[in-house]
Structure formats: structure tokens, C-alpha cells
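Chain IDs A, B, C and D follow the sequence of writing; residue 1 opens each chain.
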Amino acid sequence: MSLKLGMVGGGKGAFSGGVHRIAARLDGQWELVAGAFSSDPDRAAESAADLGIAAERSYGSFAAMAKAEAARTDGIDAVAIVTPNHLHVPVATTFLRAGIPVICDKPLATSVEDAEALVTLVAETGLPFILTQTYTGYPMVREARTLIAAGRIGRVRHIQVEYLQDWLAKPVEISGNKQAAWRTDPAQSGPGGCIADIGTHAFNLATFVTGLVPTAVLADLTAFGPGRALDDNAAVLLRFESGAKGMIWASQVAPGSKNGLRIRVAGEAGGLLWDHERPDDLQYTPIEKPTRTLQHGGDGVATPGRLPAGHPEGYLEAFATLYAEAAGQVRAYRGGTKPSINILLPTVSDGLAGVRFISAAARSSEEGGIWVGL
Amino acid sequence: MSLKLGMVGGGKGAFSGGVHRIAARLDGQWELVAGAFSSDPDRAAESAADLGIAAERSYGSFAAMAKAEAARTDGIDAVAIVTPNHLHVPVATTFLRAGIPVICDKPLATSVEDAEALVTLVAETGLPFILTQTYTGYPMVREARTLIAAGRIGRVRHIQVEYLQDWLAKPVEISGNKQAAWRTDPAQSGPGGCIADIGTHAFNLATFVTGLVPTAVLADLTAFGPGRALDDNAAVLLRFESGAKGMIWASQVAPGSKNGLRIRVAGEAGGLLWDHERPDDLQYTPIEKPTRTLQHGGDGVATPGRLPAGHPEGYLEAFATLYAEAAGQVRAYRGGTKPSINILLPTVSDGLAGVRFISAAARSSEEGGIWVGL
Amino acid sequence: MSLKLGMVGGGKGAFSGGVHRIAARLDGQWELVAGAFSSDPDRAAESAADLGIAAERSYGSFAAMAKAEAARTDGIDAVAIVTPNHLHVPVATTFLRAGIPVICDKPLATSVEDAEALVTLVAETGLPFILTQTYTGYPMVREARTLIAAGRIGRVRHIQVEYLQDWLAKPVEISGNKQAAWRTDPAQSGPGGCIADIGTHAFNLATFVTGLVPTAVLADLTAFGPGRALDDNAAVLLRFESGAKGMIWASQVAPGSKNGLRIRVAGEAGGLLWDHERPDDLQYTPIEKPTRTLQHGGDGVATPGRLPAGHPEGYLEAFATLYAEAAGQVRAYRGGTKPSINILLPTVSDGLAGVRFISAAARSSEEGGIWVGL
Amino acid sequence: MSLKLGMVGGGKGAFSGGVHRIAARLDGQWELVAGAFSSDPDRAAESAADLGIAAERSYGSFAAMAKAEAARTDGIDAVAIVTPNHLHVPVATTFLRAGIPVICDKPLATSVEDAEALVTLVAETGLPFILTQTYTGYPMVREARTLIAAGRIGRVRHIQVEYLQDWLAKPVEISGNKQAAWRTDPAQSGPGGCIADIGTHAFNLATFVTGLVPTAVLADLTAFGPGRALDDNAAVLLRFESGAKGMIWASQVAPGSKNGLRIRVAGEAGGLLWDHERPDDLQYTPIEKPTRTLQHGGDGVATPGRLPAGHPEGYLEAFATLYAEAAGQVRAYRGGTKPSINILLPTVSDGLAGVRFISAAARSSEEGGIWVGL
């Protein structure tokens, strides 16, 4: 039996909603049955109809939806929040208070205070809360984490992450690109532009893969696009508790990369490289040995994919893995048993860490590029 | 409303069934409701239960399934055939005669005669018949076809295809690998081993991308695995009606490649390269210009993916595209309207061409490596 | 003390002469002191002057050069032959008869008979004779040979070589390209076009790397260029004494590749891939282990480069290695001691093998694509 | 007629000397005739003998060499300085005062004061002074500079450079590695370790390619090797006068990279990527167009290599280009004519810029990672 999913946001013209829907469906564990797809009632209704949602479960507001679904005996098992950033907290709060588990886009919030309040609320309710840091769902990202945890590259010295896009190279937000419009608007995105939209993915990946605790950040954020209020390019240094160092270059004005997320980790006993442009491969170099190319499900690799090695998997599969694991959490909660801890699935705490990172980076940059504690 | 799918084969331990199920589900157009998942009744029932199929629609034989489903008012809209090769024709014949559209794995048949009979039957019934030549579903394979059809590389001169795996490098069929066992058994696979299992994909890709008509084949097939009855390595030359030449290297004993399908086309005015290990990219070289890397949904590219450029897509998405398009064919048929011709979706005729290729290649090789007409 | 080199051919406008000169100079073992750089006396003299050759050692004919240099006490230690193919044998014969060691471009000859006669002459004179199969000088090609000889990939099953260029995609020989003019003229090139010019490199590489003995060839040669007398595209199958199989695709009409030589070897216990577009890397896959990237001078690699790993080396260094080793042969000969056998340096016998390959391939193709013994 | 070269340093066991000698020889413009190859007289004499240098021109000290060579009518035309860093200035000063042009390794000096004094001295003497920033000699690095100068990527926004090695991942300096010993010793290397040895190359490349003027640097330098006195890992931010931003990651403890220098430039109208691991290629992305792969001597590329496109060239060729151009400078000087300005050949001023970068980076890091003006 599949679980019942509701969605807030993600109507026509939005990128994220469609991706969530495929991801939820791919492993056959979720069925979309309700939604408040847009703040525009016509668009909401039209989107619901297109998606085959019963009219009575297409809601004009997320508040109405939370109330109605909580009251139904066949109400949704979880809600997916795919709105612009500034709505994540109000929507999540509403559903959590209605007793409904949450699957939420990143960044979690537009302020540290909001994020902290949400962490508290999740703890109080005991409800499952999953943050869709999609890249943590890639098999070879998880293999990298496994190798590091097993000491295969020794003590980590340096972490280098880049996340490069080019879609804001021109000022597309003033020529009708809806995605660009809200992402470059502080009222909807919060204090960070590029640093919040993709920098958090880079930051999350660095900590997910290495397990290290970041202690300070220094950022030089720039808005290159003419008239742009939020940064579109971020040069970031990191320091970790262990003494390791890190760098992040996140940019949405880097022609040549469409969605180029790449992480390298240098350790005392080896190195790792993962590149989102070739996600099935993980380059692993044991010190003083040749570099090996590891592939999910391949020889000498612990992490399987859905398919045998050599069959490319991508973004949708990584996303679907989060939904499949979210289903496990929700089933356990519904069943009254404590879900086994899934240390791989991003939580509200990871969301708070990301918001703190954005906030500290923004402050660092405003003050001219100084070190700020995390 | 999604369509109702039945499946023959694909029970526990089979590779192909699970892939078909994800592919069918991914775009939300199909719901699996019935199956004859195994010739072993216990395994069939167990697989059905695992898949959430109602017990009454889990059948002990494909014949029983065809009869019962045809009789139901809510019977299946199509059947997916994911058995070993030798069952494709009997199963397909049974369902076609019961008036049920077919989605069938390749190769279509184990003899040219069987394949021809099936072509005739499809024509007589007028039913949709889709052959799952998965690789034709990749966006950049389709873009390659589009560029060639538009004359962007001029008249085609040479087509080079390789399809390399390594899983039969050791004699795994004698140590319990079920996939290997039937694929190396002439009784279940037909006269071709590697040439049938993956050589047909290479052959199909060559004709799909270029649209050229092959006229002759010369093959040097080898069974390197000790005691192996069917070829595991195929060296093939092709000639086309237009004067173009072609080569195929298909191997299941090539360490270093897990599922390495690669096609290059040299034309008078340019060249193309597509590599399944990096399926989002198509290398396009207009003559006397630098090579460009084209990406689905990217700049200057006609063929979209499900996601924006830079978001990797893979095998499951390509497969899902065939299922989505199959849904279109079936809906049109059910609706009584003639389906619009989808020239991209592989048909029973493509299946016949593949079987003729296998047959001719096997004969060429048996006679010492001579040219055989197609 | 460096050795003294003479050169026949290689005047202004020729590609090969300049390459030989850098290669000879790079390791400081050879000094160019004499030449018959062109059959055109003015061009010969002008080229000599440009190269700083004393006027008295700039000759109007290779015959005059051989006679004069043999008579000098400070005569050349070896002659480099860099003429069009049809002159290789007459020039080499003349210098060998004058007692002068020879460094000769490939292919050795334009007929098997000529090549056989030269083999006999070399044996009679006991003079060093080096054939410049440049690609055998690459460190990672040699590492591949070493690994195979050491059994690291087990018994070889299949050898796949391709050598792709695009410079003859248009009929440049009729618009003044001197290189193209002689290479497409049977009178100067012999019976093979592409098969002789680059196919021999592919064939030589296959045997150099594996040490296998080829027994039969089947070729489908095509002249795609309008009005072209010699093949510009070659599809070739090979059989080896050991039972191994091989394929060669050589083309000079393949847009996308400028000088794309690539070899893969599939063995029972592993596979190798070397690609001239990235010559510092050798991909090595031990069976059931991940692929490793080996680099000259790098971890776990026996073959050094001139520089530490990570410093790219290329065509000129590979060529220079042949000249450096040729110097060793010539010094040993001059010193009256028998040169230690350098099994890596291509000889007149390798040249004969190449000419037999060209001849057999041409015959195979003429007769419609049949198997011809080697 | 080739020019006469002397060398200081570069005796047996040194890396740099052999590389300089091949580079000097490759284009046939320089002949090595004199040297003070080591501060150890035996080693100096032995090295000279090995190199075929006349005993009278093998000197026990660089001072003796400068004096004697200046006095000879056939004295050297230039001296190559390939010593550890701390000797660059004293040696260069001595030869410049003796009227002899200088070709000097980087970094120019171990203090800004020394570097400034040398700039003054070069200006006073009017002598040619070439700094061997090798990477500026690569054809595709120069093509990148040309494209940017021509406005092909528009106004530059961000420059990302990395230079990664792994040879200091273990504390090899305490186990007999001579190269490591001096490079990790502040007395011989100056205040910078990795930042001086390879960070300067990265910095130089950033300015060479873009022509931008750097105004401030912030560095987080770390010595990860146990007991190591100098940094082996450098995280660096840059700001440029134009408003452009930059980042450098230089590391000698990064397993997976042997000599991995890579630069990316993001501009308003396009992007560029050059990677030393594949130096023949330059990735060029005009905005909203597919990425093109440019190759030296290839279609649509202004910068030639020594060989046609498709023939790999590497480090030695890049280095040789500096020597060939240095020969032009020295010939012009000897001829009494003012050398035409070669804006591509690195000068003493580039050396000063590099030393200022090292000094500022070291200070920034010492003070906890603050911005320091350049």
C-alpha cells in the first residue's frame, strides 16, 4: 500500500513540484492525493485537475489543507513543501501542528530564529521531518561518506566544493523568468541568493560526506547581475573543528556549467572526487596508489544503485531515494514504532545548520569578508 | 487516469521486471494490476504479493492470464513481456489474439519465421506493439537522429557502434548466475548469445540514429568462455544501401566496461558521438569547426529532458519515455482513433529487423565470416 | 658527443621532417649535419640553409648524399628517411649499401617484394635499421605491453584499435594540400591510402602491445572522397594465431577526431585502454576490481616518462624516445659491439609485417571483403 | 647559429635542471656550454662531465662563472638559474652585473625587497630577464588570454584556479627527498611553502590569462605535514581592481592530483576552462551556446602548436616556447636593436608580482586570515 502525499506549492510553471512528484512516484511508495498548488486559486485548481487530484482535495490555502486533511480518516501521510523559501517555515509549522509529517525543500528558513523554532517544534511533535538535500541521495555520494567513515582516506585535511550554474549570467529576472524572480528577491528568498539556493547544497555536501563540524566561515558574496539585490556568486572559506580547511565556490553566473556540483576531499591517506556531471563515478585515490573509478553496484563498492553498474542513474533517482526513505520514517511513525535512525536522511537539524551557514556567510560578506563563527 | 498494466515474467531475481515496473510508474501513466510473474507457481504468487497485486490477478500461466484479463471489464490495457527470449513470441501471440496490446523485450524472437509471423499478426489485429529498445528513449540519442535527419552532418559515411560488458568474462553461468544461465543457453536465447542480447541494441541504434537501410552483414562470433555454447564476443561489419559502412563490436567479456554502448557517425559535413557512460552529452562536430557538447534541454538543443540541462538522467528515464509513449499509443487505440504515428517508438518491424540481423550474423559466422544479405 | 644525422626529404612544407628534427634533438643525442631535403634543387638548398646545414653537405640527390657522406671521415652516423612512401625502399637501399644505418618512416615499402628485399639487405649488412612507428615510443603504450607480457590481463581475447582523422573529409587533395596530394596518389603511396598511412599504425600497435601473431585479415576499404583513388576509410577484422580476435577502424574522414588513435585489449583477467588524446593515462581494469588510471612515472607504474607524473608528455617525446634508442643502437654498431637487443624499437621486420598487412587488406577489399592470410 | 647557454644549479638529482636543458635544446636555439651545477665541487664537476661541458667551463661557484664567462669572447649569451629559491637573487644579480642576460626560475626572490632591487637592476642594465612561468607557454593558455583580450567572454567576473599535487602528503622531507627538503625549509624557500612553490604559478596564470590587476588577497595557509615549517595547503581569496573576484586552492597534500593546475574564468558573455591534465584542450562556452572544445592548431583557433591538432604536446614544449622566445630577446639585445615587446614572455616584473603575492598571503594567514593589499 502506498502512502498518501499532499503538496504545497509546485503548480504549473514551477520546477520543483514536478521533480518531487516523479521522485515520490518512482519507487511506488507514495500517491499524490491532495494539494494547495498555488496561492493563485485558479492556478491551484487547474494544476490539481491536471494532476488528477480530486477537486475536494485541491485547496485554496495551505492552512485550509492542513485542517481538512488532518480531519479526514484518509488524510495525507505527509506533506511536501515546494514553495519559495520564505513560506517553508509557516507551511511546515502549520502542518506539524496539525500532526502531519513534513518533507521540505531547502533552505529550511530565511532566518536562524525561524529555523531554530522549527527544530524545537519538530522535537516537540516527534513527527518525521525530511529536508530534501537531494544530492545526499546519490549512491556515490553515500559511498564517499562510507569510505571516509571507514577511514579509507585517513584524517581529512581539505574539502573543496563547487556548485556552478550559468542561468543568472544575464539579468533574466527582469525578463519574466519566474524561477529567477523569486530567487533574486530578498523578500521571498531571504538574505542569501546564490549562497542560499545552491551554496547550502555545497555546504551540506561537505558536512554530509565528511561528518566534520564546521566552526567558522568567511564569505565574499557578489551580485554581478546589474541591479540584482542578492548575491549570484559566492567565494567561501571554511574552518572545521578538527583543523581541516574548506572552500566553496558557488556561482549562478558561471558559463560552462549548468548544474556543476563537485566535491573533493583530501585526506592523510587518500583522496576522493565526486562530480555531479558524472554522478555514477567516484574517483578514489588511496595514497601512493593509482586512482580508481568506483561505480554504484560495481566491483568493490558497498553502495548499490537501483540498476547494475554501467546503467546511468541521475537526479530523479537520488531524489526518489529520499522519498523512499521518508516513506520508511513515516510508516514507522504511523505504526507507532520508533523509526530506526537513518543517519543518511537529512533532517530539520541539517536545515538549521544550512540556515546558520547562510546567515553567517551573509554577515561575513557584509562586514567586508571576515571570519564568522558557526 | 492511469492505464492498467499486466506483466509476464519479471518475478523475484529477474533483472528486467523491476526495471519495467519503475519505467511504467515513473511518469504516472501506468498501474501494474496483474501478472504471471514466473513459471514456478510459488515464485509467481510470492512475487505478486510483494508487488501488491490482488491474488485473483496473479496467474499461474500467461495463457490463463490472457484469457482472464480479456474477459474482465477492468482488464489490463497492455501486457509487458519480460521473459527469456524464447517465450516472447508465444506470449505475445497469446495476448494479441486476446486483443491485448503488447510491450515486449528484445530480441523479438529466436527465429526469423517466428518474428515474421508476429509482424503479420500485429498487422492483422491492429493492436499497438512496442519493442523496448531502451536506448532509443535517451534524449541525446533522439537529438542525434534529429540532427542527422536535418542534414547537419551531411551524407553518412561510417557508423561505428560498440556495446561492451564484462559480466561474462568468467564462466558465471555454471556458478549459479540466473541471468547468465538463460542468456548462454541456445534453448532459451536462440541462436545468438552476445549478438542477440546486446548486439541487437547496437544494430538498432545504428539504424535508429541514421535512418539508413542495412543490406549486408559479416560477423566473426566467438565464445571465449570455456564450454560456452553461444557467442560472448561479436566482431561485425555492415554495409548500407546508401554506400555507408558500419562496424559493431559487441562483447560481454570486455573488462573495463559494464554497459558501454557508444555510437559514432561520420558524415560528409560533420560527426556525432554518443556514449552511454555519459548519456546527457552528445558530441557534435560540424566539419572544420570545434566540437560542441550538446546537452538535453541545453543551449541550441531541440530535445528536452525531464529536467533542465545539468541534471543527469539515465536508463530509467529513457525506459520510462518508451512507456509514456506506449501509453499514448494505447490510449489512442482504446479511444478508437488511429494513433498518430510516433516514428521514434520501436515497433514489431524493428524487432523483425533485429532478428534478421541476429540470424544473418550467426550464419555469416558459421560459414567462416562471409557477407550475408539482410 | 652527439651523433651526426643526415636527412632525405623533409624540406619546407613537409610535415614529417620538422618532427624528426625536433625528436632527434630533444635528448641531445643527434646533430643534423647533412641532407637531401627535396628533389627540387632550389627547395633543397633553401631548406638546408634554413636549417644551418653547411652548403657542401646539402645534396641535390640522395644518391649523391650517400656516396659523399660514406666517403667522409666525419660522415653521418645515420640517415633519416622522411620522403613519400614510394621512395623509402630506394633511399634505404642506397644508404644501407653505402654502410650507413637507417631511420625510416612507415610504411616501409609500397610492395611486399620490396619490403622483403629490404629485410634481406638489412640482415646482410648487419646495419641498424629503425622504423619510426612513433606510437610505440609512448610510455603508457609500453606500460600496456609490459602489463600484458606479465600476464596482468591474462590471455588476450579481443583487440580493438581505431585511428581516426578528419583532414580528408573534404577533397583537399585537389585544392593544393601537398600532404593530401601524395597520400592519395597510388604512385607515391602504394596500394593503400588510409590503410597504409594510419591503418599500419593501428596494426602495429595491436601487435606491439599484445605480442600476438596475426594470421588473417578481412578489410572493407572505401574511398568516400569524390574522385579519390585510394581508400580514406578502412573497416578491418583480424584473427590471431592464439584464437584472439581484432578489429581496426581507420578513417581520415571522421569529423570529431584529429588524430584519434585508441586501443583496447580485453583479456581473461582484465582489460586495458589507451587513448592518444590523453596519452599520459592508461586505464587498467583487473577483473572484478575497479578501473585504475595509471600514469607514467606514477604510483604502481614501471614505465617512467621524462618528467614526473602529472607533467603531460606527447608526440614529440614519444618520437624522441625512438631517436634516443636509435642512438644506442648506432653507438653499439659503431663501437663494434653487438647492440643489446631492444625489443621495443621497431625494426625492418615490423615494417615488412605492416606492408604485408596493407597488401592483404587491399586484396581482401578488392575481392569483396574476404579473409586473406597474413 | 644557436646561442650559448650557461646554467647555475641543476646538477645530478635536481629536477629542474634537466627540464631546462631539454627545453633549451628542443627548438635548436640554445647550446649548453658552461655551468656551475652544484655548490658541491665534486658533484658540479661530475654533472658537467655527464653533460659534455668542457672542464674549463665547469665552475666551482656562480661568481667565478659570471666573471670568467663575461671575459670570454665566446662567453655565454645567457644564464639559466635553476637553484633553490634563496639563491635566485644573488645569482641573478651577479650575472646581470656581469652584463649577462638571465633566465630564472620562479619564485623570483624570497623577499619583496630583494625582488624590487632586482627589478631596478634589470631596468638599469637593460638586459633581457626571463622568468620561467612555464604554464604561460602552453598554446591553449595563450589562446585563453587571446580570447579574453578580444572580449569573447566579456567582462570577467570570477577567476578560479587550483594547483594540486600530492607528493607532500606524507612527510617525505624527513626521509631523504631532496626536492622536498629544500622546498619545506624556510631558509631555502623563503616564507612560503606551497603558496610559493605552486601558488605563484596559479596566481601568475590568473593574471596572465585575464590581464586583470589584483588588489587584495586573503589566505588561510596550513602546514598539515607533521613538523612541517611551511604551508603545504593554501586556501586563497583574491579581489581585482575591476571588481572581479578570484579563488586559489593550492595544495601539495591532495591525493588524486599529481600536477593538477586548472583555471576557469567566468565572464559576462562566456566562460573558459583549461586543465593541465589535458593541456591541448580549451573549453570555451559562449553564453547561451554549447561548450566548444578548442585545440591548438585546430579549427577556429588562432594559436598554433608545434604539431597539427590531435598531436599531444606537453610541459616540455611549453617550456621550450619560453626558451625559444628568450632566444629572440637575447638576439635582439646582442644585435643592438631593441627587442620587440613580447607581452607573453614573463619578466622580472611578473616575478615581483609573484613575490608580493607570496608575502601578502603569508602575512594574511599569520594574522588569522585577513584581507591584505597587493
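A few notes on this one:
Simple rule for what comes next: contacts are C-beta pairs under 8 Å (C-beta built on N, C-alpha and C of every residue); 3 or more make two chains touch, one makes a residue touch a chain.
Note that the structure is a prediction, hence the values are computed from the model and not measured.
With A-C and A-B as the two chain pairs, more C-beta contacts join A-B. In this assembly, the chain whose C-alpha centre lies farthest from chain B is D.
Chain centres here are Cα means. That of chain A falls 43 Å from that of chain D.
Computed from the mean C-alpha positions, the centre of chain A lies at a distance of 55 Å from the centre of chain C. Computed centre separation for the pair chain A/chain B is 35 angstrom, with centres defined by C-alpha atoms. Chain B has residues 257, 288, 291, 295, 298 in contact with two or more other chains.
Of all residues in chain C, only 1, 15, 18-19, 21-22, 25-28, 52, 165, 257-260, 276-280, 295, 298, 306-317 touch chain D in the complex they form. By the touch rule above, chain D contacts chain B in their complex via residues 284, 288-295, 298-301. Against chain C, the residues of chain B that register as touching in their complex are 153, 157-158, 160, 162, 166, 169-170, 218, 220, 222, 224, 233, 235, 237, 239, 243, 245-247, 249, 251, 253-257, 264, 266-273, 283, 285-288, 291, 368-371.
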